[in-house]
Amino acid sequence: MTTGIEIIGVGLTKSAEKWEMGLLDIAIRAAGKALEDAQSESPDAVVVANAFGGALGDQQNLALHLASGLGCCPVETYCVACDDASGGAAVRLACALISSGMHQTVLVVGAEKTSDALPDMLETVRASGLDAGREASFGFSPTIAGALGMQQYLNVYGLDKALFFHIAKVAHEHGATNRNAIFRWPLDEAQYLKSPIVATPLSVCDTAPPCDGAAAVILRKSKNGSGHIRILGGANVSRKRGIVHPITELTLPAATESAAMALKEAGCDVADMSLLELHDSNAFLAALSIEAVGLAKPGEALHRAADGDFSKDGKAPLWTFGGHKSRGLAPGASGLYQVVEAVLNLRGDAQRNQVPSATKALVQCLGSFGAQAVTHILG
Amino acid sequence: MKPNWAVGIVGYGGYIPRYRIDASEVNRVWKDSNMLAGRSFKAVPGPDEDTATIAIQAARNAMQMAQIPPGELRAIWFGTESKPYAVKPTSTIVADAIGALPHANAADWEFACKPGTEAMHAAIAMVGSGMAPYAMCGGADTAQARPGDILEYNTGAGGASFILGAAGESLAILEASTSYVTNTPDFFRREGQPYPSHGQRFTGKPAYFHHIHAAVSELMNETGTSADDFKYAVFHQPNYQFPVKVAASLGFPKEKVVPFILTSQIGNTYSGAALLGLAKALDQAEAGDRILLASYGSGAGSDAFSFTVTDRIEKIRRRGIPIDVYLKRTRLIDYAMYARYRGKLRLN
Amino acid sequence: MQIAKSWRQQPSNLRLEGTRCTRCDRLEFPAVIRCSACGCTEFEICQLSGKGEVVVATTVFEAARDFGEHVPYSAAIVKLAEGIHLAAMITDVEPRDVYVGMKVEMVTRRIAAQGDKGPILYAYKFAPLLMP
């Protein structure tokens, strides 16, 4: 049970290429901001989400090093590495630590440092989140899988590739006003269509830019009348691995089930959500996520995006700070960015990215090409 | 030479990569002269191909034709002068791919362009002595040539594989064979060097012509045959002229030889050359035909074999893949792509 | 690709060997040590036919490390005759000529070679059916 937990502080760093900062520095900065925001005493547990720090030859056991750097020792620390789903899974683990009564206040930090690695090395490491023996070692990566998925999506639903523009458009529209985003400009269709192809039909504009970033939240057991945003529901679902299912079936069962379970726990429906943050590491997973959580029927995600459903003033505002596509993708931190951005909106602190009178939010991150999905309902 | 028990070929298969470069394109880059008359192509391995992958496909095609249990192969012997690993056998990779491990002999043979027929001799001996029900031999190369060298105009890529077994189940039975070798340094490649060196015109008379002539003459003496007794004759083929000339000196008319000279279509495939020619001859042979195979390897030597085709050939051959399928499967590339595919552009 | 890792995978990489569960008959590729359907740990080795068809394909222009020398290459999901789906590269055809439903067969190729000094990974790719 995740209910009865509140978020008393949030912090994030700008998503960018942070040449002057290392992985630990970024994590410390986000954690420091969250601690200041919460004005709380030292946490009694630290959970860190970091997907690739070890594989990239950077810092292993980042949670210990972070706690040490923050000066909050002695403290209980954990690292969570679940590919791009690390952030959501870390929040989930922190909830379990609190719900079980083991801890009162838990600091959850997601951090990733991608810019130190050369692009082909980063792609190799990101690919290792897939089936290492059958997919990664045969040259398949999440990006290539995304390209195959896009092609299948276009084939099966008989769509034109240009329709995928509307996914990137929503993200850029919202990222344009987010001073922490890496891409802060609206995207027009001409720009989208001339974007370089990575793997047909997927272009650079259909993928989220890998970047450096960290985001942090401080969780504790809810106190009556505290006024803090609460976690109303959560679910972490892992399904059969492999890129084949999403590509051939065009569904993300883990995302569907995880969203349904979290919504059920929160006692609400997807239609009740004031905003949603879904996993848009590439346009294909973004489209399937939209359909998986029930914002569009199968094959209609792009049309709903074109209709304006996902704009800030639309039916279901999506990627309110630009999503991974415009804000930037720091893989292990991505789930935490989603939570922090949703909290800012629910608090009314989102400034130019504010969704009017936001009361509930659904955030969902995906790992291993959608085989794992972690959803939280905030409100 | 003859084994105690009659031995023959129970299956064969060839493989040629699909890419081709025109010799005139090589000429354009290095000489830009009009010295070349007529078009001549050579097969180029794709960026994901090498001697091991060529040998594997040839071996698979041979197994598909022979339809024997891979576990009954007691030897998998491939010859090449372009090993993917300088140390580590290519033959174990081939054997693994066709499921013939582990109760087998496996080794790579080296004798410039004729290790495949050396291996064939050994395979014949192994089966003919009763040591093994079946043995596989073959030759494959992605022939090296220094950019701009005369060799570069026709060094091709390809290979063929033969499975030897008891005469009673063979599509062609060995009549006899000879081997003639001397210490003649007409062509060589030093350890660690990427490209071979050759003695230009020295590779002709004292090398190619002398050795093949000697080996075939000895074979004809041993079997009491003359050129008239052979339906087809297949020679090692570094180019078009050499096999035609050596054939004439042995009394073979062009029509018995030329159909199996593949150099204008795929170039000189080194260890694969004579064996692909034999496979091409078997593709069109009929029961009762006698076929001569004479290889040549620099260094130097020639192996000569006489095979007589049996009436099983139609039935067995149908299960295989004709060499013509690969000869017709082509995609022309320019010198730039050739340089890329052959690793002549350094990426790292 | 570490040496021992590719060595372990040779039966599946070179011969498309999978396993068939002796209890529930489930076919899995590559070979498994415990049936994901019924938990059984006894299997028969099962060699896949290597014949199949392209379900969907992409032409890759930006590759991960060790695959850059093959760019542009065709990467696809191939459905084998046995019903198993595999992520594999398509070779011996121009990437733009690969189409949905294209009949293909397994060939063994160099997948990656780690420069001039590393071990060479030989494994399956798929090529257009040579003799339809």
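We call the chains A, B and C, going by the order they appear; numbering starts again at 1 in every chain.
Assume a contact is a pair of C-beta atoms (placed from the backbone, for glycine too) under 8 Å apart; a residue touches a chain by one contact, two chains touch by 3 or more.
None of these values were measured; they are calculated from a predicted model.
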Please flag the chain sitting at the greatest distance from chain A, going by CA centroids.
B
Innermost chain by mean C-alpha position:
C
With centres defined as the mean C-alpha position, give me the chain A-chain C separation in Å.
31
Return the distance between the CA-based centres of chain A and chain B, expressed in whole Å.
58
Could you state the distance in Å from the CA-based centre of chain B to that of chain C?
30
Note the residues in chain C that touch 2 or more other chains, in rising order.
68, 70, 89, 111
The residues of chain C that touch chain B in their complex are 10, 14-15, 47, 68-70, 89, 91-92, 94, 107-111, 115-116, 120, 122, 125, 130-131
Touch list for chain B against partner chain C, complex
18, 46-50, 52-53, 56-57, 84-85, 93, 96-97, 99, 321, 325, 329, 331, 347-348
Given the complex, residues on chain A that touch chain C span 119-121, 123-124, 127, 133-141, 143-145, 147-148, 151-152, 155, 196-202, 240, 243-244, 247-248
Show which residues of chain C lie in contact with chain A when the two form their complex.
1, 5-6, 9, 30, 36, 55-68, 70, 73, 75-77, 85-89, 100, 111-112, 121, 123
